[in-house]
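To keep things simple, chains are lettered A, B, C, D and E as they appear, and every chain counts its residues starting from 1.
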Amino acid sequence: MDSVTIDTTKIKPAKKKPETALEKLNDTGLINTLLAAREREGMILFSTVDQFINWGRFSSLWPVTSGLACCAIEMMAVTMAHHDLARFGMEAFRASPRQADLMFVAGTVTKRMAPRVKQLYEMMAEPKWVISIGSCANTGGPYIESYSVLKGVDNIIPVDVYVPGCPPRPEAWLYGIIQLREKIKSQGYGAKWGLNK
Amino acid sequence: MNAAEELKQAMPAAVVSTGMLIDKPLAIIKKEEILKAAGKVKEMGFDNLSVITGIDYRDRFEVIYNFFSYKKKENLVLKVVLDHEAPSVDSVASIWKVADWLERETYDLVGIKFTGHPNLVRILLPDGWNGHPLRKDYDMETEQFVTMGEDGEDIVSTDGSNLLRRR
Amino acid sequence: MIANAYELVVYILSAIGIYDPINGFFQNYGMEYLLRIIIIVVEIVVLLVFVLLTVMFLSWLERKMFAWVQSRYGPMITGPHGLFQPIADGIKLVGKEDIIPAGADRWIFTLAPFIIFVPALLVFIPLPFGDSLIISDLRIGLLYIIAISALSPVSILLAGWASNNKYSLMGAMRAVAQDISYTIPLALAAIAVVLYVGSLSTVDIVRAQEGTWFDIIPRWFIFVQPLAFILFLIASIAEMGRIPFDFQESEQELVAGFYTEYSGMKFAMYFLGEYAHMFAVSGVIVTVFLGGWTGPVLPFIPVQITSLVYFIIKTYAVIFFAMWLRDTVPRMRIDQLLNLGWKIMIPLALLNLLVTSFLLTAGVV
Amino acid sequence: METDELLLNMGPVHPATHGVLRFKLRMDGEIIRDCEIVMGYLHRGTEKLGEMKTYLQFIPYTDRLDYLSAMPNNYAYVKAVEELADIEVPLRAEYIRVLTLELNRIINHLVFMGSLILDLGANTAIMWGFREREKALQLYEMLCGARMTFSYMRIGGVREDLPEGFIPKLNDFIKDMEKRIVDYEQLINGNEIFLLRMKNIGVINADEAINYGMTGPSLRGSGVNYDIRKLEPYSIYPDIDFKACVRKECDSYARYLVRMDEMKESLHILRQVADTMPAGDIITTQKYGIAPMTGAPSAVMTYFPRIFTPPVGEVYTRTEAPKGELGFYVVSDGTTKPYRVKIRSPSFCNLVALPKMIVGLKIPDLIAAFGTIDIVLGDVDR
Amino acid sequence: MAWISKNWAMTGIMKGLIVTLKHIFHIGNRPLVTVQYPYEKMKLAPRFRGRHSVDQDACIGCGICEVSCPNGTIRIVKYNGRWFPEFNLGMCLFCGLCVDACPMNAIKMNGGYELANYSRESLVYGPERILFKKEVNK
């Protein structure tokens, strides 16, 4: 009886999907990013360029300075010494939306503020991302029964990552940012411009 | 003798009754006399107007003025009772500058008109908002949306189609 | 005596014995100028790369310094200690959408960033990085530098005007007023040195600072002209547009000042121009007052290398000071700044000039 | 020379407006001729929600009014309800309350200092301010499990007792803080550019300030010696040694200095409270309605019923919040929900005086003066 | 400009420069304080109010938490034949009133704060994600 031999060298170990925040973050370094490009299907060159550009994008997300309410204070706390958003290269808060890539919707979006938030989002240059922070921005939260509060910011602008909390503590915030980095990593070049679809 | 009774002695025609609001002297003033009474109160040394607010009691409105005197360290509360149909009362913005905004806020949220106010427009809600939210009969069901006009002014409508995103 | 970088290259090439064959090859075709052009182009490319790398490093250093003052780390995750951060920023900015606002003047709006970027590079031409490490030793070097850096208000005004935004316009107006009122004390303070040296050439100015007094104090002009140095330093920081004089941007007042409407690559050009300008101005301060490339001569190491090292150390010291100052002080108000410029610095600079010329005429120094 | 007036809109999204406030400025060049304040971009209808929630459920909403100093908001509300229902609070609970209130005053003033200096263009002070704030927040997290929105006060007491090791940590914080304040003062107080920006800017004299309804540190910067903790003592403040910090200069710098002094004064209070913390209950044992459950899991549940109905009546209570006089006007109709809650917020009334302060000055002065009256938009718009 | 004649030495700025310099070189107990999340994590207080978890055995599905919640975050749903609360963390206030109100002391708020996700629906934490079983040590 012939025994079936299995060539163990040909079996690729299944790449473990990163789960904890630390694994996700380690997975988004420049070297890791370029290595991961090999595993992507399609043309090696283009997917490498994709990965390289994505690496640039998620490594330098510049947020726009727009605090709305309570969560804006935690936004300041994230930037400050103890948590230090600058480690991700994100301390360059741009006051002008033209130069920003990322919008934190940090706080209650009232009916009166909603068109301004929408306008601010539209003023930002592509590619752009939105993180909705806190219960108020996610769903209306504490003020869901109020007459003057919008029930979730995703009613007016597309949201990439939701961070629950009221307000979320800075680590939760940083975790939200790591989630966004994960998301950008998996995007192809031009996905934000609709070229790939 | 507390400040409310002092006021009653000085202006017996204006004060309907006096009492206490927990620990603060309270005087109920006739609606027409509020401006005069306020002037008198200021003369009595009540230099700080803490708060103006209106309360909807379904059959009547009450407007409440809270005063504090930094010199005498005393409190005084004035109350005016208004009818429910067309509540209006004289403005005291000429005496206390802070009353300007407090009255605008009361107008905005409770819907009490202050005659003689220099600039009685809405302060917290946008112009054109339908109804006064702190009234008991305010319609909480219909949602009102705000959009922006050409010059950045607010336009209120119940139709949010150009603001809301289709999902 | 090697005068500039071209001659240095020629010297090195002949030392290893390949200059004559190459030159001969070009001479056969009667195109000696072609070799000259090639060498100069290589020089310029090297300079450009050097400036770009410096700019990247400076933007990283600035963020790190800023962080250290504030008890935090600064960029850490992008590369070792965040060193790749500027690269990532660059990649991202190149890929950003380029927005031209609807009400903007398209041509001027597009042109303005180039007008700030090109002068920031041109300033480096007469700047001596080291002994004989200079692109061209212009005889009017200092004048050229001051004149070229005075071009930046033009760009800022164009940008502010073309953006069709009130904040941009106000930022531009402020920047122009500030630049004009601070170029004058800058020039006047420099003239005192020029009188002392008797030449506008940057190389001559550095050479005049060689040597020491009593074998210990270097003969730098900071000790000869302390008042001029302080005036020049303040005026330079104002020229760089950094806190406490950063009115062109002044985030808390004017959102982002004159480049409020710029995005993507055009914004990156302002970004690069700003840091290149900062490096250039620091280099000029070092050249004029801090002895340029001079320093103790070490054995066995070519003087070109040691001088380059000295120059860079000194320049970074000045940059360190500018960053350190930025971390410490708040911003002045624009009218206070103009008062300071016109009512205090210009009279002081004139007085300094008067005293210097009097002493020189009397032959005291 | 005849020049056109420039209309400039600052906000609602602008780096220096501390949130979503909008200034409509009529400018003559760089000089402000007229300033109109447009607000309401954060109007969340808290007062209406107060009528829809029970007395207990409204406590988390008070956190979100002035989110920089949530504890005084909590306290002002529960104090109003306690006065309305005539509830005695145990001594230990009062001590814990004062401890948290004063800690919150420090936090508030740290953020004030930082954001003021940030508005003036220097970035370092805010980082240092938040560095110490973070330490205080860790204390709060030990105490009540949240960083900003504490919802710690309960009607008749506090939610939880001090955890183990809280007082030593607090003492560490006080010691550390004293050193840091010296750093701040070295960095800021003598800085010539800072003085240039702050002195004789935003001047408002005492009579005007009172007439415009300013309260709290902003008023004390105008030389009015007044502090509700002194004038109408509440809680355990009569037993504590402290003084109201007053400055006479009436300008932005005076208002800044008052707050810096208050921080030191709060540290002084904190030290006294920590040293003399009595033992006892943390929530009132007065019965209201139903009998306490036996073997209930938490102290709050044991002593205080969920359904709380104060008697019919109305009350106005004022307290000294870090930003000024914070008053709650609560009307009860004898049901489980308040009939009307009116919030007299300090920021709203302090803001009235801003146009008066800055007409004739320039935009940077507007920002400096605006920074020194220390408002929070959640408190203005409610 | 009387100001400059009084302050020509700029002592205040010098003092400020010295303080910042001390910070740059960490002189005198002025260390870097950053906690590098996620490489290192701050120690959470035991009382920290994060994600809810419900004791599987203790919960009786009475609905008192639903009533006591200020804004209707909690819904009682059926799961494995029993009634359990379901938390919509997208709108939760994290105020802790449900913890206080629970008669069986079944609701806990643990230190889970890493909750960020890509969609609004995923923020609804049903019984399958919040239930836990108390381990009995024998």
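Assorted remarks:
Keep this in mind: contacts are C-beta pairs under 8 Å (C-beta built on N, C-alpha and C of every residue); 3 or more make two chains touch, one makes a residue touch a chain.
Bear in mind that the values here come from a model prediction, so they are computed numbers and not experimental data.
Note on connectivity: the fewest steps through touching chains from chain A to chain C is 1.
The greatest centre-to-centre distance from chain E, using averaged C-alpha positions, is reached by C.
Farthest from chain D, judged by the mean position of CA atoms in each chain, is C. Core chain by CA centroid proximity to the global CA centroid: D.
With each centre defined as the average position of its C-alpha atoms, the distance from chain C to chain D rounds to 48 Å.
Note on chain placement: the centre of chain D and the centre of chain E lie 22 Å apart, centres being C-alpha means.
Chain A and chain D have centres, each the mean of its CA atoms, that are 34 Å apart. Among the residues of chain D, those in touch with two or more other chains are 14-15, 40, 43, 45, 48, 60-61, 124, 127-128, 131, 134, 149, 187, 191, 193-194, 196.
Counting only residues that touch two or more partner chains, chain A has 25, 80-82, 84, 87, 95, 112, 116, 142-143, 145, 147-148, 154, 166, 169. Within chain C, contacts with two or more other chains are made by residues 69-73, 76, 251, 255, 327-329. Listed by label, the pairs of touching chains are A-B, A-C, A-D, A-E, B-D, C-D, C-E, D-E.
Interface residues of chain E, counted against chain A in their complex, comprise 32-39, 41-42, 70-72, 88-95, 113-120, 122-123.
Residues of chain D touching chain C in their complex: 6, 8, 14-16, 30, 117-124, 127-128, 131, 187, 191, 193-194, 196-197, 362-365, 367.
Residues of chain C touching chain D in their complex: 66, 69-72, 166, 170, 243-244, 246, 250-255, 327-336. On chain D, the positions that touch chain B within their shared complex are 9, 39-40, 43, 45, 47-48, 51, 83-84, 207-208, 210-213, 215, 224, 226, 231-232, 313-316, 318, 325, 327, 329, 331, 339-340, 342, 344, 348-349, 351-353, 356, 381-382. Residues 3, 7, 10-13, 15-16, 18-20, 29, 33, 44-49, 64, 68-70, 93-97, 99-105, 109 of chain E are the ones that touch chain D when the two sit in their complex.
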